[in-house]
């Protein structure tokens, strides 16, 4: 069965939107980090879908996706490290409690 | 070509400034004498250049040329002609006197002489460069260089509202000059080959619509500097707050940069647009004359009154420019010079009084004529020159201006003459309030003007008297160039 | 032997005296006066031979380029023609005599040298004006005279009234001067020259051709030039400064405000006579203004009590005579009266100064019976008054007769009647002054009068001599030499002498004198009675037609004064244009200052305020919540997406 | 060009990599951190020595990297920026702790990452290098231990940056889908054809988000003030200059190669963004009282001016970006050097610390005044040359409205720059008199001052080298 490209794209767009929504409304930083992962993965799905359908050399998109996964992991790692450090000094992981810097 | 006299004139103050910078802060007398010596040398150089200047020639003289930023075809191009040379001479003179005035008047805050004289000399370089640069880019650089020292000089050594006045002056002028920069760039890109050199640019024709737009851009820059109504409100503040010698420079030289800009750049580059804007310029000039006069009349602050009188008098310059005929131009350029000497002197005199009485409230004085006869005489002299008494220089420039503007528009001239009556009114009213009447017992302790101050004022008086009696002394240098400019504008020399 | 070019020395010498006195006055002290008098005397001795040569029918002129007006050179030079030589003759003599007199009068003044410096400068300017050959030079010296007038009126500047009077004088005349300035600018644009001789030639050509070149422009020019006269010669409605100018030292009043400077306005019209003759509709204006001035001033003089003010109004009145004469095309008559008037009016002032010097009061009601105490002063004063009243064969008779003749012969009967009435009033008020001052009994015992020193009385006698004889050149005894002499200048109508006019003139003068004698020597009550009967007219005259009060009333009770005056409407204009100039404009300028502060500056400040306002909004976006930032990013993306899709 | 061939053009980068690892290793064993810092400087110097101008544009590593004159300029730029930042860090007390060596090592990586960004020529490489840069930045911002503000700044930076990266990545996927390639040139060629234009525009917008975040372009600038305030001051100095410049470099490359064929719309959008950025930056800067925050807003506004050069997308525009960035590099680092000095001496980050500086330390005040004037674009200083160039580029391309808005903005900018000048010169002294400045800061100050002046007075020398 071949899933039409449009379906995949709509799915990825929904995934991206979900991620964006999560980023905008979650208060927990960990949650936001996870939402970011969703956004990255939405892009990944796009890349893979396109690599199959339109690309001259299908492997480039897929390789890109693998790199993105790696980067996502790194971002999460750094992010969690910083969250940890933040928690150590501020005793919170909620964005609405982190607003010392403003105006 | 062979001698670099103009470059020396421009950069000698800079060398002096560097020397001041290298001196130890505590040696205030060294610093003072160094500054005075520098201004004196610049004046000497200017006199030397005067001896080389050929008044009968119309074009640029003593040109010096070197590539500066070849990527943009920017040249170090300086030269002088009958329009700029009087201004250079005026700058050298006023700077020298202002420096002498600084020695006498300025109560330099503890240990800040060094900064003061450094900035002062830097300012002189900027002014000289502005008047001598013939490359638009170079001109702009010098134009801006003038601003910064002025900001500090007003801001640090000024009166109680100095910070406000300084930043107001700075921002106003900067706003104008940025638009001028856009105009300069537009001219540059419209020229083929791209160039900033006035010598080449003058020869190129420009599209009429383009001229109008760019004329406006230049106009904004120059109008704020002059200042033309309604861009004048920075002037009273700056003048009032600035220390005396700086007011002198401001009135004596800086205001002229605006009108000089019209003569040097706006008119030759955009002759058709200039003609198109002629009525507007004339109307603004007349408004400035009358308006400045009225407001000056209402002032109770001595310095503010003189400041507003500048608005009125610079209006005459603009009126002469707007007339666009031989007499108008001559009157305008002469008025530029004369206003520099006269108003410069008036500001010095305000300073003399302020140093003694520590107030400038006109209503507070009275009867000083008996107490300070020397001061009274000199103040009366300058006031009379300012109100255009024949025999003193202010008259002849106003007369030529009016003659010129009469050929252009009778109504404007008639309205402008209200300014003459007003000038008499506010100046004599000032004299009445300061010098005449009963002596206010508060001022029994005032001493008369001293020799140092008289020496500062004397050269100005000599010029005022000499030009009033025989204006050709300076007009001879101006006429060929101005007539040449008139030909560019398409008018016949009548 | 004097060559004509040495005439330049005439104004130059006093100028040198001025410069030296000004700079070195502190060390010269009383020698300053000698310097000025010497300069003036030498100038006199240089000038008189040249004038004499001109009287013989010669004509001198020379000029050099001073300035380029466009391509036209503007030449400055002198011209010695009948007109300028007459004036020069009068000014040098009268000026020198007054300066000699001033040596005595000003003796002991702390600013003695300054006084003589100013007077010398004035002499220099007046002499330049007399011989100048073009409008610009004329105007320049004209203005410098104005300055000297200002300085000398305010000479006792510690007195507020003196300072204000100077201010008023300068400003009022300046209004006229500006008119004059525009006037000759207009003239220049019409005929392209400012030179008198060239103008005369052009006008003569135009006259022969039938029509002037630019009739409209030239009329305008003539009217505007006449504005200068109105200001300088204190004609209605700009006359208000002259009475106040009496705050100055008396020699100044004699020199500047009686003999010379105020006459310069008349001289200006005489100088421009070819222009006035050729343009239509201007001479009637001149006549009307002159007549009104003559009558009004004489009317005011009737009731004044300050000795100098009476003389000041008398001067205004006589200047009105001269202007009327010129307006009636009587160039010879006007100029003649100018010369004679200078002599006897200067004498009157000097004698009045001598009285003041001797009594230290100025109010004639406090004087009386001074004849015995100051015989020289009194005698000369009476001689001058007789001249002024027009008693033959004194000089004033001949010149006044000429004016009346031109009014009569040219058919202006109303003008003639008014002038005759004025002559009557003139005689009356002069002799009222004399009888109150020199005759009767001393009314104030505190006044201890004494005769003035010789340095003052000698010039009085010299001028008295002049007042007697100076009229002869214009009299039938010398076959109206002066009028013929003037006719060389510009073609103008001449009238046959008329015995009727002479008789009327003498009758008016004699009536005036007798009436004054009857009232003020015998029936002093009549004066009061008359005043009560015609209380309206009396008060009008006493209050100088309310010209001065009008202004202050306008400020205090603007509406009260509205219907109250005979000259209400005119006075209102006066108020606006002259008296109130300073204060009215102060009000306007206060408003303008407000505009400046709130509107013009406000626009700029508004930009600043706007920036700060935006700042306060934009700043609030920076909440510190990272998700708000991301929301803004999201909104930004949406906005730009929509926009992008629109521009495609 | 294959890997082995490419390596010989890659020596400076290799030196940096090796140096970085070496520094990390040494840091374990050495107690005297001066040795570590010396080593970092040595590495940078070595790297600088080996930088050679390519004769032609080189497609390194199978055209993953594109080393042309443009990239070459940014190699120098990155190395100098890092070099100066390190000098600044040496005298910055809060960094002095046991992790000091790590800090230096991270900066060497940073230099490496910057060069990668400058040369990247492939969507994959662009993504990777930008992410590398971002991750390093997050770490450096949050470097200070137990600093509440620093940690907050780091987490905000990370969240904001990651979201923007994700959006950009989504855009990349769309571009890839539309063109079927990750090569910028191929993408550019494909977009020439009409049907792809809407998709291309969306992709471009997403690129603008990801890179606009790097260059702090409004409305993607919101992180900047908070992060700048929270980060250690030398890092702030660095962030305000280097990543921003490299962001411009890569954005220009993408716009000029990838999206040039879209014609006018990109220019229009960039013009709007430019106006928005400079206006927002300037307006907000007016009321700031914290020096770092103040400079953050100023740097946002400056980004707006540089965007003018980008918006016109012409040759002159490109030159104007390079020149503006160079002037900005030295001026801004100079200003930060003074800010660090003042912070060190007074322990206060507020603008008030500058009041009366001219009496307390005339030389420092004078230098600061020069830097501020240069930022305000007053001739004859470097900043003016930059501003002149962007104005020239805008006018040449007839973007008159943009130029006028920029001119008005310059006046507003002058107003707030002069606030500090006023504080330094016009208000009475308060606070301690300065003793001698640390040597490293003195070096930085002298260097930047000389360049700022020289570039203003003899710009042709610099223009020759940049534009050749």
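The chains carry the letters A, B, C and D, assigned in the order they are written, with residues numbered from 1 in each.
In this text, a residue touches a chain if its C-beta (ideal position, glycine included) is under 8 Å from a C-beta of that chain, and two chains touch if they have at least 3 such contacts.
All values reported here derive from a predicted model rather than from experimental measurement.
Peer 1: Point out which chain occupies the most central position, where each centre is the mean of Cα atoms.
Peer 2: Closest to the centre of all protein C-alpha atoms: chain B.
Peer 1: Of all the other chains, whose mean CA position lies farthest from chain B?
Peer 2: Here the answer is chain A, farthest from chain B.
Peer 1: How many angstrom lie between the CA centroids of chain B and chain C, rounded to a whole number?
Peer 2: Here chain B and chain C have centroids separated by 37 Å.
Peer 1: Whole-Å distance, chain A centre to chain D centre, using C-alpha means?
Peer 2: 26
Peer 1: Between chain A and chain B, tell me the centre distance in angstrom, where each centre is the average of that chain's C-alpha atoms.
Peer 2: Measuring from centre to centre gives 65 Å for this pair.
Peer 1: As a quick test, compute the distance in whole Å between the mean CA positions of chain C and chain D.
Peer 2: Chain C and chain D have C-alpha centres separated by 78 Å.
Peer 1: Going by the touch rule set out above, which residues of chain C reach two or more other chains?
Peer 2: 619, 622, 624, 626, 630
Peer 1: Give me the residue numbers in chain B that touch at least two other chains, ranges are fine.
Peer 2: Residues of chain B never touch two or more of the other chains.
Peer 1: Two or more other chains touching the same residue: where does that happen in chain A?
Peer 2: Each of 20, 23, 32, 95, 98-102 in chain A touches at least two other chains.
Peer 1: Can you give me every chain pair that touches, using the contact definition above?
Peer 2: Pairwise, the chains that meet the contact rule are A-C, A-D, B-C, B-D, C-D.
Peer 1: Provide the residue numbers of chain B that touch chain D in the complex, in ascending order.
Peer 2: Per the touch definition, chain B meets chain D at residues 67-72, 115, 140-141, 144-145, 147-148, 151-152, 155-156, 162-163, 166-167, 170-171, 174-175, 178-179, 181-182, 185-186, 188-189.
Peer 1: Touching residues of chain D toward chain B in the complex: what are they?
Peer 2: 358, 362, 373, 378-380, 384, 388, 391-392, 395-396, 400, 403-404, 407-408, 410-411, 414-415, 418, 421-422, 425-426, 459-460, 463-464, 467
Peer 1: Which of the residues in chain D end up touching chain C in this complex?
Peer 2: My answer: residues 155-156, 159-160, 163-164, 167, 197-198, 201-202, 205-206, 208-209, 218-220, 222-223, 225-226, 264-265, 268-269, 272, 280, 283-284, 286-287, 412.
Peer 1: Note which residues of chain B are touching chain C in the complex, please.
Peer 2: Chain B residues touching chain C: 172, 229-230, 232-233, 291, 294-299, 325-327, 330, 367, 369-370, 377, 380, 384, 389-391, 395-396, 399-400, 402-403, 406-407, 410, 413-414, 417-418, 420-422, 424-425, 428-429, 432, 435-439, 470-472, 475, 479, 493-494.
Peer 1: Can you list the chain A residues touching chain C in their complex?
Peer 2: 20, 23-25, 27, 32, 95-96, 98-103
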